[in-house]
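In what comes next, chain A is part of two complexes: it sits with chain B in the first one and with chain C in the second one.
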Partner chain A sequence: MLALVKSYGLKGLDGFSVQAEIDMHSGMPTYDIVGLADTAVKESKERIRSAVKNSGYSYPVASVVINLAPADIKKEGTLYDLPIAIGMLAASKQIPYDTLKKAVILGELSLNGEVRKINGLLPMIISAKQQGERVFVIPRDNAEEAVFIEGTEIYAVATLSEAVAFLTGQTELQPLTTRSWQNDVEYRRGDNDFKYIKGQFAAKRAMEIAVAGGHNILMVGPPGAGKTMLARAVPSIMPNLTFDEALEVAKIHSISGQLDGGFIYERPFRTPHHSATMVALTGGGNKARPGEISLAHNGVLFLDELPEYSRQTLETLRQPLEDGVITVARNAVSVTYPADFMLIASMNPCPCGNYGSATAECTCSASQIHRYLGKLSGPLLDRIDIHIEVDNVTYYDIQSDTLAEPSETIRKRVNIAREKQLSRLSGSGKRCNAQMTTVDIKKYCKLDKESLTLMEDSFDRLNLSARAYNRILKVARTIADLDGADNISVKHIAESIQYRSLDRKYRV
Partner chain B sequence: MNTHIKGVKGEDIAADYLVKHKYKILERNFKCRFGEIDIVAVNDGFVVFVEVKSRASDKFGLPREAVTPYKRQRIIGAAKYWLYLNKNTGAPTRFDVVEVMCEEVTVLKDAFRN
Partner chain C sequence: MYTLKDKLCILFGENGLTVKKFFQLSELYDTADELVRNFDCDDRIRSILGNSYGVLKSAIKKNDAERIIFDMEQNRIEAVTWYSEKYPRCLRDIDEPPYILFCKGDITLLSKNCLSVVGTRKVSSYGRRIATDFTRLLAEHFVIVSGLAYGVDSIAHETTLTESGLTIAVLGSGILNIYPPTNENLADRILKGGGLIISEYGLRASPLAYHFPHRNRIVAGLSRGLLVCQAPLKSGTNSTVELALEQGKDVFVVPGEIYDSGFSGSNALIKSMQGACVTTPRDIIDFYNLESKQVENKIIQLNFEEQKIVDVLTVGQKSFDQLVCETGFSPSDLNFLLANLELRSIIARLPGNSYRIYGGTE
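Entry: the complex of A and B
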């Protein structure tokens, strides 16, 4: 007998409907899966066999053919175990087929008949919902991912027997109760708070501006100055995730199986080591998995010791930094993942680390410094809005017991500034000042006479490029937003101009 | 040799059953270096190579489950050799499996094609 069961598959971030067709006829016992199934799907045979047997059903002695339609798209993963098992029980007439509830079934089976967690559930449910599916049967361990999806009936099951009992109508299950999005989680990484960072007032101010406007930032300074500490404290002042943002982040994490807490409530903070390969960063592999920059979407990508990364790796960041997306093309698939992150980078000014420091002497030769800085290309630096120098803290600062401003206070200011940007840019799909295009800059960054004079003066004297000019305006816009000012005035421009230190001081 | 006797008995039951069902038996227990065939017969215009499996109960699975891929390869190899010996390489052929369980006989026609 033939049984059809609905399931789903994933191609990048988009889902597609999969129909599992299970046909069975008497004859020599065989088990064949067709429909471009990968090894994990093919191995389902053994899991299904044991799960079916250990759930109190008998594994049919029959010739079994399973087709996963559409047959020309690759299917991967273990999520077809449950639908195939259900279809097999129906095809072997152990459960009634005609009265079986129609649902999209997803889940991996363990040998004892339990339903296990799968990867990529969230994006599949979202696409399926858009394509008109309403009823889902999912693993209970994945339930937390789906609690924010409204307008569907999602049933979470823990075992194969439970799924069968529900689908045949023997028992009733309560659909998942959906929650509305409320992001009031307290920031949990308590040790990385701005109040513990002594001194470094200028750097903290720059960080606040960078976060408020979503600007990329590069810190230059001697070792031990506190660059890494500053970067690690950044998530504590990031604005709260909105639901749409959280959903995007959760989808990507769901695909890579990194959705441990059930859902995403905090902005991601990714710190790939400088030995990371290009593929680890951009995404890829034969299944075109998302890389670090996509996992950092709507959050922070922190590259410590920037010049230590391979040149090729860094250059691949240029396009996503500009577009906010990365297209991973492999011979079988081509997938576009969002990669709209805030880049925080840190570096020493020279190999010994002390070049330009007020307190220590540099021992590097001019050519060494030149070579070290040469690892960073101009185009990459151009995409970083804010450059700051972080010098060593003084003894006086370290000794002082006074706590600095806590992250919570800074975060409030950042949130207010972000709201201003959101309402200003509403309708354009942009969320912060860093995403403004030239047209936006013309519209929202009008300068008064005084500011224009200052700009003109510095443009010539500091030898700024056209791109740097736009960056200064964007950053000035953010500074004005933090200041609560509607228009950019000369003090905002003046502060903004000094965040281009790498254009001037270190360009040897 | 108890099991061997049981097996031979099963084959006898199968052969009787096949004869009653319009199989003309050409040879029994064909053995060569490539493998063994229990019964070679003609049915419906096909040269049929029959593997007989007997079991006293289904406690350890059905008899048909005991025809492993390896055994299948041995039967196919022997069949090719039989056809060569009998100068019959162009004939339409078929592989059947006959299950004998508690005197009850089931014929699985064309069993090696899924």
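Entry: the complex of A and C
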């Protein structure tokens, strides 16, 4: 007998409907899966056999053929275990087929008949809902992912027999109660709060500006200066994730299996090690998985020790930094993942790390320093608006008991500045000052006479490079927004100039 | 126009003939014409030149000098030879005077009042400060001569340029092959600022290791005195000092901390009394009885906030954090004030986001 069961598949971030067709006829006991199934799907045979037996059913002695339609798209993963097992029970007439509820079934089976967690559940449910599906049976461990999806009936099951009992109508299950989105992230934020960072006033101010304007930032400082600590605290001053943003982030994390049974409430903070390959960073592999930059979408990508990354790896960041998306093309698939992140990079000022430090003398030769700094290409530095030097905190700072300004307060200022930018840039599809084009800069960054003179003076006196010009204007715009000012004044320009350390040719 | 003698100098210079051999050769005949005519047959020439004989012979045959002169003109390079009137007098008296100087820029600087500022390539922040502060004042009175190397040399050139002074860079490589390459930009700016770049080596000569100590005799020779900003015990600076002393030039040394190995050479010079110990640029200006140009009585107007910062910095170098703590200004205000003060050359920003008063502590 033939049984048809609905399931789903995933291509990039979008799902597609899959129909598992299970046919059984008498003959030599065989088990064949067709429909471009990968190894994980093919191995389902052994899992299903044990799960079916251990759940109190009998494994049919018959020739079994399974087709995953549409047959020309690759299927991967373990999520077809549950639909195939149920289809097989129906086809072998152990459970009634006519009364089987027509639900979309997703889930991996363990040998003892339990239903296990799968990857990519969230994007599949969202796609399926858009295509008109209403009823879903999913693993209980994944339930938290789907808790914000409204307008559907989602049933979470823990075992094969529970799924069968529900689908055949023997028992009633309560559908998942959905929650409305409420970002209660406050109490989740732990130690990574700005109030615990002593001193570092310059760096903290620079971080505030960077977050307010969506600027990428580079910290230069000796080892142990607290660069990593500063970076880790950055998500705490970013605006709360909106539901749409959170959904995008959760989808990507769901595909990578990094949701850990929950949902995403906090902005992601990703720190790939500098030995990371290009593929690990941008995404790819034969399944075109999302990389670190997509996992950092709507959050922070922190590259510690920037010059240690291979040149090639860093150069691949240039395009996503500009576009906010990355297209991963592999022989079978081409997928576009969002990759709109804030880049925070850190580096030492020289190979020994002590150049310019107040406490230790640098032992590097000039050519060593030149070589070290030369690892960063101009085009990459071009996409980093703010450079800031971070020096070691003094003992005086560390032992003081006073807490610094909490992230909460800073975030409020950031939110106000962001709103200003949104209303100014509305209609252009841009959200923050960092995204302004040359045309926008001309339009929104008008300078008065005093500021113009200051700009001229500083280019003459401070040996600023030409590419610094637009960066200074953009950052000055953000500083003005934080200040609540409509126009950029000389004060904003002056502060903005302070954030171009690497352009300054005072390094001899 | 170049005379035949000049052309021979250019030819020899381009082919790297040593100074010793050049002068031995020049003693053989009275005129260049005779030398050229007898080049093929005179065994004395052959024995002086040794291995380089063949190369030079064919170069003369091919009339290579014209090609080199064309190349020079294309790159606006001038040659000042031993036989030229423009040859600086101060170099005539030194040991092994260069018989040729390839020059780019204003060659009248060669006969001006020059002072050399030298020191190690590995400069500490204290050495950097010395080089900046001393050069800044000395550039008003002297043409600053240095070697376009990393460290003190670069700082000396760079500071002279910011003070709109004149500077001469003496290279250890060809003029069209600036070494270190990262200083090409600095070399361009020296020329734009009315300075001069000279080298006794062929136009595209490689920066061979022995060139550098050798060119130091020109650095010392061009100037009245030599200022050592920072020298460890083993440093090229010591060779320059020795040459300057041989040439009877004045050597000035700024002392360093006795435990700092980066200054062990400087302090040794003071201890052995080879160099005069100086602690302000004024010491050197007074030594030469120069009228101090005190026209720069710029009345510096500071508002209340700026005065507060300057007061804190008068005590010594401070980091940004310390400034925030000691002045009580918010980081954003402080950034604004610091940028302003820096633009007016009242304070200087150091690597590592630290600040200090610009110039000496007088």
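Everything below uses one rule, namely that the second predicted complex is superposed on the first by the 445 of 508 C-alpha atoms of A that agree within 3 Å, B and C clash if a C-alpha of one lies under 4 Å from a C-alpha of the other, contacts with A are read in each partner's own complex, and residues count from 1 in each chain.
Note that a contact is a pair of C-beta atoms (placed from the backbone, for glycine too) under 8 Å apart; a residue touches a chain by one contact, two chains touch by 3 or more.
Not measured: the values here are computed from a predicted model.
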Winner by number of chain A residues touched, once chain B and chain C are compared: C
Contacts of A:257 with chain B and chain C, given as first, second, both or neither: neither
First, second, both or neither for A:63, with chain B first and chain C second: first
First, second, both or neither for A:484, with chain B first and chain C second: neither
Chain B versus chain C as contact partner of A:498, first or second or both or neither: second
First (chain B), second (chain C), both or neither touched by A:26: first
Which of chain B and chain C A:370 touches, first, second, both or neither: second
Doubly contacted residues of chain A, that is, touched by chain B and again by chain C: none
Interface residues, chain A side, partner chain C - complex: 199-202, 204-205, 221-222, 349, 355-358, 361-362, 365-367, 370, 388-391, 393-394, 396-397, 454, 457-458, 461-462, 479, 483, 491, 494-495, 497-498, 501, 504, 506-508
For the chain C and chain A complex, residues of the former touching the latter: 121-125, 128, 150-151, 154-155, 158, 162, 180, 182, 262, 317, 319-322, 324-325, 331-332, 334-336, 338-340, 342-343, 345, 349-354
Parts of chain B lying in touch with chain A, wherever the complex brings them together: 61-62, 64-65, 67, 97, 108, 110-112, 114
Chain B contact footprint on chain A (complex, rising order): 26-30, 32, 61, 63, 65
